[in-house]
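First subunit A sits with subunit B, and in the next complex the same chain sits with subunit C.
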Partner chain A sequence: MAGAGGGNDIQWCFSQVKGAVDDDVAEADIISTVEFNHSGELLATGDKGGRVVIFQQEQENKTQSHSRGEYNVYSTFQSHEPEFDYLKSLEIEEKINKIRWLPQKNAAQFLLSTNDKTIKLWKISERDKRPEGYNLKEEDGRYRDPTTVTTLRVPVFRPMDLMVEASPRRIFANAHTYHINSISINSDYETYLSADDLRINLWHLEITDRSFNIVDIKPANMEELTEVITAAEFHPNSCSTFVYSSSKGTIRLCDMRASALCDRHSKLFEEPEDPSNRSFFSEIISSISDVKFSHSGRYMMTRDYLSVKIWDLNMENRPVETYQVHEYLRSKLCSLYENDCIFDKFECCWNGSDSIVMTGSYNNFFRMFDRNTKRDITLEASRENNKPRTVLKPRKVCASGKRKKDEISVDSLDFNKKILHTAWHPKENIIAVATTNNLYIFQDKMN
Partner chain B sequence: MLRGRRRMECTLDAQSLISISLRKIHSSRTQRGGIKLHKNLLVSYVLRNARQLYLSERYAELYRRQQHYPDGAPLLAMPTCPPPAAAAPPELAALPLPADTQDREARSCGAARGGAELLEAPVCAVPPELQRAPCRDSSPGFYRAAGSAGPGGGGGAAPGPLYAAGCDFGSGGAPHCSSRTTVLDLDTHVVTTVENGYLHQDCCSQCPCCCQPAPGLASPPPAPGTKRKYYPGQEEEEEGVEEGEPGGGGVAGGPPFAPCTKRARFEEYSAEHPQDSSNISNLISIFGSGFTGLVSRQQADSEQPLNGQLCSKQALASLGAWTRAIVAF
Partner chain C sequence: MAAPLGTGTFTEETGQEKQDTQEKDKAIPPERAEEAKLKAKYPNLGQKPGGSDFLMKRLQKGQKYFDSGDYNMAKAKMKNKQLPSAGPDKNLVTGDHIPTPQDLPQRKSSLVTSKLAG
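This part shows the complex of A and B:
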């Protein structure tokens, strides 16, 4: 695969792994979202327990020029708690569905995190000084008896151990009847959208008590429901354009300048179904689980159960590229339906230069497709390769027939080990890959 | 969850797929976080596809039997219940009736877009005649099936327990109202009552005749557009009637059938899976074909005779409750 800088293939090396070593996974520790910030210095993860953990990359060390800085825990906080909607007798899960970073404007960092119903804007700020020398308070905070004060002094700031604080600055609640699946910040950095199964709302980051509904696909009669919204994203450059994908495998591009309610799309991206592939599960596997614009804004990528498709925004009738992620599963759909794996929602991501796309699979495998060389690679996130700077060995799944040495047969795949969430550093060849409860960081081999 | 290393084998049995799907829907109601609309929608598609195959297999079976017993059994003669002609909407008389048995069969035979391809799948041994059937929507066929479970079951006829069991249609008693569920639409907060899987208000608005109790009848008046009611045990009678009355059919009233013979026939079919059948049938009748929109989209694509559309609308009134139930929970 061509690297970002030259014609050499990238050699991926293990860098770090975060999370418990136990095989017994606590449900709350299951990672549900991974996202680099705009500079790549910070890496945020959300989990099923409603917590957000932020890692920060160490400044590059001059003595260790052969590897980039490591990511260490920077801040951990409880973003969402479980709630109960008494009116509808529904429990609201605290699982973090998505995290999106705002671009940095000042010393503090801001991110949006969402569960099924509520979006929160968090401010993450550093404190490395504290005032000392109060007259009326002791150092530990207790109030002094005023009668014992005999002199006055001016409190001064003194350095302290770095403390990272996260505080919720805005809470955007009560706008979604159905489960929120996406949030996306507009390129104007003032507004953002949130999408649930049937509606998309537009918010202003400063205003929490109202939002605008911009897409509503709820039929007048719920009996007539045929599709739901599965993902939505703003265009990276055009602040009036966004796309949303559906469970039927279509993507609609909408322009907010056309009308207040963007129920009528400006473009509809759909590839006709191949009738020879029709099965009981055709509708399920064509449902799009993720949609991502390229950094350039010219392309978008969609992920359905078996493939990744790249679409040119100028061509609606078919994708320009299609990559099979794990076609060997096509004959196993029945079993995957039985064990619910067929409903897994895999995400996908672009590298910084839009030349490579990456997505996850089962058995802790993840796949990368180089759009230029048309080569692809399968790698595994496993603690077995955990020596830093160990180059990862490409893996191969044997679909049928004679299994070669080092290949793994489809029937041996562990479907409990799935990689749903991956993220690529915006500038470097550093990737974050989330297995069930561990976060792996891989880098390309330097030198 | 699949335990890692188990062999990935699965039999594409329509009936087990249906029961798996129904189990998924049922268990989703108790899942944390509330019902996931997306997942349930996808499961409903599988359910629809599996049901199409299931029904087409039934028809295939029926066809094969027909080949073996071309004269038909005496049981397949005229139904014993007099057609309640008075109750049928007059316009039905004017509806075009397919004179061609083959054509009707094809339409009824799950030859929907999904069904046709499924018919070609190796798992379903379908006689070549059916495979040649035009690839049209089978909506009238199976929505008739689903729909008839509602009104058809109301009367004393308590037919096809495959569809009626568990629904507690009641025998000889009140037409609809023996089982009742209340559902809440999350958005509009409208509370809807479902009776026998039949959305009360929809039913009444579209088909006043069938809402009125018909105590004198062995079976309630048929849904408008219903040419005949389908129960798995009834297939042979259907065939027989088609043969005997090519054009007449029981449009005006096609009553359904002789209850006792039907029951006997049904038991033969359901002997293998008694428990599953009743669960499947109960929820199939409610769930119909999945969300109505699936039907209407298909209908838009094909030329449907008017009676078919009327019937499906009727039949699918029952789906509303289910979708709302899904949304509500």
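This part shows the complex of A and C:
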């Protein structure tokens, strides 16, 4: 981590920031998801207005060897629109909850994007040639009078300005009564799962009129409802294995080979709670907001309100590592409950080699934990730090007592500036950090 | 000395800080203190925060009720009289005023391109 010494520590520098500068944020501009594709060349964002913006990394410039390519807008489209379900008197938000990329199979790129109710498969393709020299059509498209044609020619493809087109190829609708929180593509690259508060469905990417229910935790009597599904993900290598997390802080691993309906878990991951520590807030802050497998598939990471936990899939009774994100908030839980911040859903992510994990916090701070060195760092996404190639200064929050210079006290933190969504390039030390309506890209300092 | 994982401490403990921590341990844990604060402010707060009431509210997000029967009957009644306008504050829809499609907040999709692409 920057500043602490040690040759292997990453020194993070500001690279780019996208989005408007103004303080008055329109609700539609609130970023709701960020995701790199499998090569890291493309970076997608979704927002509350149902729009997707895809950035593409420039090819590395041979003369500018001190920095990697910049990310520039590649494509932008309206993925979802607001809807009203008249039968249930339900307003369906167009907010994009998740984007997941498919691995690239041909020239086109494919991604899944979902709102609360409908998942869509989008094809993003490039067009850089167009046919010219038709016999029956003029260049502007008007038809020629066939009687005026005296010679024939073969139309040829000529280069044109690059056009990137996004088209919806599949729409997976009407399978979720409750609000979709996760989608995850299977390692077989043919199927994917979608999870809402109470159910998980399995889809085939080619088939939109049918979906299999694989998890159903809806109780017969809704009065007995005690927990909901908060996130779900397929194992990166084992195509029959997936996990789902709950609002009670548990993770269940299921094997689809065991039965068609995976209501009985194969493994249950839960850290025993110290009953003497139990309070009104215990269950709320134990609710898991995100679960992510490591790239290796050996570990999984969960994010609850105050911490990040790493679990070894071979050990169910407790996590192998726990990192405190902002423990100083434990003595502020009352006000965080009153302003609803206690329900904020933070995501987390792994770096490409599974050695570092990252998650967001308040005041536009984000945190990284190095699993090997056990060092952690707090950085800030702010336009004040935007000098390229200048190393970001670590931040420190003063929990109590005397505040040192350059520290910020807990009471000065801005709880409206939340970093809920972060993403790490699959191969390089490039990270994308979303504040409310801006996207920051940071890179490690290249010498 | 490296702080053990899970204790929530960032920094090394000096002699003075060790004493403070020991004092804290004897005192009420912070979560309980916060709970007491909350109960003092809202004495009627239910016992089970993660219970079904809270979860039910979460599941019902987005519910908006519109009764087409009421709407059409009111429209018929109003045919002879002039439809009362929403007044200066369009968000205030109360009393005898029957919401018309023009009064409801517009749920148009974003026609504007995202500012991230600007």
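Simple rule for what comes next: the second predicted complex is superposed on the first by the 420 of 447 C-alpha atoms of A that agree within 3 Å, B and C clash if a C-alpha of one lies under 4 Å from a C-alpha of the other, contacts with A are read in each partner's own complex, and residues count from 1 in each chain.
Convention: a residue touches a chain if its C-beta (ideal position, glycine included) is under 8 Å from a C-beta of that chain, and two chains touch if they have at least 3 such contacts.
Source: prediction; values computed, not measured.
*Asks:* With both structures lined up on subunit A, is it a clash or a fit for subunit B and subunit C?
*Replies:* They clash.
*Asks:* Under the stated touch criterion, which partner chain does A:Ser247 make contact with: subunit B (first), subunit C (second), both, or neither?
*Replies:* both
*Asks:* State whether A:His179 touches subunit B only (first), subunit C only (second), both chains, or neither.
*Replies:* A:His179: touches subunit B and subunit C.
*Asks:* Pick one for A:Leu313: touches subunit B only (first), subunit C only (second), both, or neither.
*Replies:* In the superposition, A:Leu313 contacts neither subunit B nor subunit C.
*Asks:* State whether A:Asn437 touches subunit B only (first), subunit C only (second), both chains, or neither.
*Replies:* Touch partner of A:Asn437: subunit C, not subunit B.
*Asks:* For A:Asp414, using the defined touch cut-off, is the partner it touches subunit B, subunit C, both, or neither? Pick first, second, both or neither.
*Replies:* A:Asp414 contacts subunit B only, not subunit C.
*Asks:* Between subunit B (first) and subunit C (second), which, if any, makes contact with A:Pro275: first, second, both or neither?
*Replies:* A:Pro275: touches subunit B, not subunit C.
*Asks:* With both complexes overlaid on chain A, does A:Asp340 touch subunit B (first), subunit C (second), both or neither?
*Replies:* It touches subunit B, and subunit C stays clear.
*Asks:* By the touch definition at the top of the document, which applies to A:Val228: first (subunit B), second (subunit C), both, or neither?
*Replies:* In the superposition, A:Val228 touches subunit B and subunit C alike.
*Asks:* Per the contact definition in the header, classify A:Ala28: touching subunit B only (first), subunit C only (second), both, or neither.
*Replies:* Touch partner of A:Ala28: subunit C, not subunit B.
*Asks:* Tell me which of subunit B and subunit C touches more residues of subunit A.
*Replies:* Looking at subunit A, the partner in contact with more of its residues is C.
*Asks:* Hey, which part of subunit C ends up inside subunit B in the overlay, 55-63, 91-99 or 109-117?
*Replies:* 55-63
*Asks:* Same subunit A residues contacting subunit B and subunit C, which ones?
*Replies:* Overlap of subunit B and subunit C footprints on subunit A: residues 88, 90-93, 116, 178-179, 197-198, 222-228, 247, 279-284, 287, 332, 334, 337-338.
*Asks:* Which residues of subunit A touch subunit B in their complex?
*Replies:* 88, 90-93, 95, 116, 177-179, 181, 197-198, 218-219, 221-228, 230, 247, 275, 278-284, 287, 332, 334-341, 343, 410-417
*Asks:* In the complex, go through subunit A and note every residue touching subunit C.
*Replies:* 18-20, 28-29, 31, 45, 47, 49-51, 53, 73, 76, 78, 81-82, 84, 88-94, 116, 178-179, 197-198, 222-228, 247-248, 277, 279-284, 287, 321-324, 327, 330-334, 337-338, 374, 376, 396, 401, 437-439
*Asks:* Touching residues of subunit B toward subunit A in the complex: what are they?
*Replies:* 1-12, 17, 20, 24, 32-34, 36-39, 41-42, 45-46, 49-50, 53, 114, 117-118, 121, 184-187, 291-294, 296-297, 316, 319-320, 323-324, 327-328
*Asks:* Could you please specify the touching residues of subunit C with respect to subunit A in the complex?
*Replies:* Those in contact with subunit A are residues 2, 5-10, 20, 29-35, 37-39, 41, 45, 49-52, 55-56, 58-59, 61-66, 107-110, 112-118.
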